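As written, the chains take the letters A, B, C and D, and residue 1 is the first residue of each chain.
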Amino acid sequence: MKTVSVFIGSRAHYSSIKSVLAAIKQHPELNLHIVAGSSAILDKYGRVVDLIRSDGFYVNNEVNMLIEGGCPSNMARTVALGIIQLSTIYDSISPDIVLVVGDRYEIMAPVLCASYMNIVLAHTMGGEVSGTIDESIRHAVTKFAHLHFPASPDACQRILRLGENPQHVFAFGCPRIDLVKEIIHSKTRFTSDSLFGYGVGSHLNLQDPFLLVSQHPVTTECEQALEQMNATLEATFRTGLQVIVLWPNSDAGSDYVSKSIRNFRETQDTGKYHFFKNLSIEIYVSLMHQTSCLIGNSSSGIREGAFIGTPVVNVGSRQSNRQAGENVLTVDHDPEAIYSAINTQLQHGRYPSNPLYGDGTAGLQIANALANISIPTPQKLINY
Amino acid sequence: MKTVSVFIGSRAHYSSIKSVLAAIKQHPELNLHIVAGSSAILDKYGRVVDLIRSDGFYVNNEVNMLIEGGCPSNMARTVALGIIQLSTIYDSISPDIVLVVGDRYEIMAPVLCASYMNIVLAHTMGGEVSGTIDESIRHAVTKFAHLHFPASPDACQRILRLGENPQHVFAFGCPRIDLVKEIIHSKTRFTSDSLFGYGVGSHLNLQDPFLLVSQHPVTTECEQALEQMNATLEATFRTGLQVIVLWPNSDAGSDYVSKSIRNFRETQDTGKYHFFKNLSIEIYVSLMHQTSCLIGNSSSGIREGAFIGTPVVNVGSRQSNRQAGENVLTVDHDPEAIYSAINTQLQHGRYPSNPLYGDGTAGLQIANALANISIPTPQKLINY
Amino acid sequence: MKTVSVFIGSRAHYSSIKSVLAAIKQHPELNLHIVAGSSAILDKYGRVVDLIRSDGFYVNNEVNMLIEGGCPSNMARTVALGIIQLSTIYDSISPDIVLVVGDRYEIMAPVLCASYMNIVLAHTMGGEVSGTIDESIRHAVTKFAHLHFPASPDACQRILRLGENPQHVFAFGCPRIDLVKEIIHSKTRFTSDSLFGYGVGSHLNLQDPFLLVSQHPVTTECEQALEQMNATLEATFRTGLQVIVLWPNSDAGSDYVSKSIRNFRETQDTGKYHFFKNLSIEIYVSLMHQTSCLIGNSSSGIREGAFIGTPVVNVGSRQSNRQAGENVLTVDHDPEAIYSAINTQLQHGRYPSNPLYGDGTAGLQIANALANISIPTPQKLINY
Amino acid sequence: MKTVSVFIGSRAHYSSIKSVLAAIKQHPELNLHIVAGSSAILDKYGRVVDLIRSDGFYVNNEVNMLIEGGCPSNMARTVALGIIQLSTIYDSISPDIVLVVGDRYEIMAPVLCASYMNIVLAHTMGGEVSGTIDESIRHAVTKFAHLHFPASPDACQRILRLGENPQHVFAFGCPRIDLVKEIIHSKTRFTSDSLFGYGVGSHLNLQDPFLLVSQHPVTTECEQALEQMNATLEATFRTGLQVIVLWPNSDAGSDYVSKSIRNFRETQDTGKYHFFKNLSIEIYVSLMHQTSCLIGNSSSGIREGAFIGTPVVNVGSRQSNRQAGENVLTVDHDPEAIYSAINTQLQHGRYPSNPLYGDGTAGLQIANALANISIPTPQKLINY
């Protein structure tokens, strides 16, 4: 019986690992321990921890670690606060495996604790290339991790080139695709009424064409974040279509993106806009399934978009170098270029599904690997 | 004018970077900022910070970050304490470059601060392979660092294989060799009287053959550390020769090594032994120059030993995979095997000098590179 | 020459200590050191640190310590983050005196650092009785402090009853009154145009009667904070008068008060309302000088209100037991009771000035005391 | 059913609260939760946490919080580290009451967490006067605490004079006396053989007269600590009697006291000395019962000494102002004065028992009070 402690630090973490949680919970040889921290427990970011609980998972600990104020040094302090709390939690429960997701800055807290405490570290979504500070974090986590579950074949190759042991690298695809598949195949659809009952803005008609905007700050370009979001909003406004806008995540620069949205709402006629602080993965995927075009720099356009076939306009550098399917057009932070790319996608329409990021069985395969792989001394073996 | 903030966390850090500090201090376009932390400011580890000051350097800040108690989770907490203090220091002085040395666990504090705060991170001694937790840390630091100064050609190749930009990787050799060269070439020699005036134990005669022991805990084998040190001490005792023993560093397991030494002193006739808590690099190198054989698991046997030609018996896994010259024999933690290897080295005697880890100009070359290389946005570029 | 390090953690701290800062800065035997932290450096709370700088003071360090999320345990974590950063700052500059203001939870950070580091601790605004968690903090700070500068005669008596040395307790009045006096006596008045150019809401006419609302969460009643603010807003709405509303401070529960304001703006016709995130002390005092009635639970109604003669409706428990002049009516969180008290104050009009909280020379007197009093060993002497 | 979380930070804490732990554990309406932290979990200070467990208590969490290096700022950092860990633990278990002991600097961590998190805070050993930094801490804790259990009548009076609610102050005596009584009345006596099997030094004969030394650093006199301990050791040496010496606690300055002991051992003939790192309360009390004279500055001489009737020479300022019985002689840190006072006590011999610090039922009475007293809102009421 192994205890697997999973760290969930954001709404994106949860949807990226949910099918793994379910598979661990049902596995007879695994014991699931969940720590929710960072933005996952904050009202401001929609408290995804409540959703986790209502989905039937037990959340063992909540870890308050985000510092107020979007300056870069606070990202470092957040890691420090997380380390101090997590080390005490891990001392108390002695997990066999710590499982972390992706590349957000706060995961260095569980990563360092696990490494320094001689606990096996498992990592999903490693080996990708995106071209931001997340880049360094993702590959550094790979160098600390003992078990790797990359989401795509090229990410798998990159992890091997980083010198990791091939016996501990498994390309089972992205667990988010497990959920996407389930949602797409499910018959239940939310109604416009239930959807627009929350969020802020007008009640849209989803039978008519609509755009979807999801744009986050780039941490190395914090100060341009306001202007960058302005460009995206302006381009969508010129289409005259209905638009759904999501608020940004909590990375440094987040306040600038939010300010752009607020300015936009106060200076433009936003009669065809609706703004959401957070959406369930079910609703978000359904919107990706229905939208005429997704605009912004969320990784979802590239990953889930490939499987769903969503037309995507990817803006700026945040996803540069992430392997994308033919459904993605990438442009600069220029209103004209964004507007033109949206039109191209509107004319093309939906793309065929592409299994680039998995076939919907990643969660089960990862849980089995966690149960079956034995790493007697959690010490990194270097194969060259 | 660039400000370079150097983090020094131990006595070993200092001797590994001293010639770089001197070259930065004298460089007209560089401004030197020094933070001393971790064991470098503790009486228990010989307060190398006082030596730094008496060598003529200004130490801007002292950072207390070591936690009492040798359990692994405290290494994580130490990083956290360091992050919180360093982030405030860096916020206050806005360095252009943060320079870190090697792979000890506490350097993740300056590393994460620099990375998250968009400060250029420079790293010496990356790319090596030693086979401990340090392994993960060293390569993770490489993935965060923007400028790399590996100590040997094979370390350089390994950094390039990790995907770093070749234009930012410089194999100038190890700065410790700069000091070693200077000490070996200097005419001044300490006297036995001055040497044995401190430390604890007998007054030895350095004209006669003597052994030198420097053994640290292996952090993934904490609990065997006592037994491992017992084996080494027993082997040296059987030779009947004079022996100089150094106390261990502050890694997890350190208390076990210390306990072994104390037990040994209380149960054996240690009339031919002398014990030092810390030695200046000058004295240590001179002892390496004179000793019949260095025994233990210090990296100095491999690095400085190559240049000096010291016969070395390297014990256990701590230096496994570190590129070594022909002066090093590696054996297990078995008293018989250690004893036998010591005898082989005693019969062989001194080896010829080997430039594997540098020719004595690394410090100057590194300072010049720090002054000349420009990295406009400190964002990691990935070359594949 | 003594170095006095002043900790400023909020906009209220600054206006409560500004005249002391000016007097320290000009004193030939004092050296002023300023640390701004907590909400004083956050955009969200108006970054009073920028105002401090534009007022001509040098701010030596900024300390990020507020944690995102309004749960009570984060107040404790904020103190911890503050301690770790302040201890390093104080280690670096070795202040002779640390000066703190009032009773907000974060001041326990400079208080514990000073006490444990054997630095003389001076405290303004001690000895008062308000009846919240601040109560415990204020009196605990008194037990740590070596020099006391209470704002009123009854506060002075209370400090003496707590056993403090009478030679170290000085009732010079509240330094805020120094500013209030200066502002009231100055001829310059802001125009409505300049005032309503920022903040959110309608452009009011200050020649006509208007109400002023300043209500903060009570930390032991976090969950009622939304309902409490609703009651106040409802009562002001019924008067049909113009209303200026200030956003709450950052205490636990703050998000509830903010939510009440946002709900109010989205569900009511707020054509006669204007909302400010923060106001300079100059504008705030002028508004107190002009308003028909100040409503809420800010201490300003009681302190500055006494000197200015402002009619005040004090709501709920936050200021219970604070010595108030005849200008203050206190009522429960009941819309009817608040409405009725507002009407009583409207009929009465302005009150005569009352020197209960000082005569406008506190800053100078405090600076002189800091310069002249010598406490060789900063160890608390207990006089019974 | 109330959960009472007890913080134990040292060996002294444990013996001061053990009888309360036992009474809480057996109380049908109380649920016992134990956090061991600071020196209580360190090998260096004898890991009293292991004793707690072998005594049959379940220890829920261990909190690593002590920082290496005896400088004063580390005491502040220790509190910070404790706060961050304890706040997460309390968030997780939601205790109804937090119970803390005495006045050591690290208890500000549980104290601030409980206060800020609206948890009822209970405090034993408040209201005393000793004249060190502990003085400020003890009275500050009183201002935060809701329930007070002072150890002596004069301490009780002092708490009331500090303005605490008389209904929440209970003078049940010191729980240590419960243990002392039990030990004194028990028939089992340890043998010299079992006792001197551990510790370091000679095997003494306890049938013959022997002295007992227990001296800790005074935190405001850190730098004199070595010299102060030298004086005490010199005086004991001159008596020619057998001497048992205990190592100091972990307060700032501790390393100086330890150094004095080590110097003494290396320069003097310590054939009649034995040195212990820690002793069980059973053995310590038995030694106090048998010793000809206890020398040093431990509070045990005054408290337990009163009940037992031990002749005590109390040295220096650490216990100044603590109410003492007739068994205590107080002298300066002067070898001559200490020597002379020891002789006076040797001539006098044992004193009659004095119930000044309790009659041996404090534990039961405190547990009952914790179960029965209800404090609906843990907000401090101030009675003047």
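Following the convention adopted for this analysis, a residue touches a chain if its C-beta (ideal position, glycine included) is under 8 Å from a C-beta of that chain, and two chains touch if they have at least 3 such contacts.
The shown structure was predicted, so the numbers you read here are calculated from the model rather than taken from an experiment.
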Listed pair (A-D, C-D or B-D) duplicating the B-C contact set, over half by residue number: A-D
Quick check: more C-beta contact pairs in A-C or A-D? A-C
Approximate Å spacing (C-alpha centroids) for the pair chain A, chain C: 42
Averaging only over C-alpha atoms, locate the centres of chain A and chain D and give their separation in whole Å. 52
Of all residues in chain B, which are in touch with two or more distinct other chains? 64, 71, 73-74, 77, 81, 84, 87-88, 91
Chain A touches which residues of chain B in the complex? 71-77, 79-81, 83-84, 86-88, 90-91, 105, 108, 112-113, 115-118, 129, 131-133, 135-137, 139-144, 158, 161-163, 219-220, 321, 377-380, 382, 384
If you look only at chain D, which of its residues touch chain A in the complex? 60-64, 81, 84-85, 87-89, 91-92
Mind listing the chain B positions that touch chain D in their complex? 39, 41-44, 64-71, 73-74, 77, 81, 250, 255
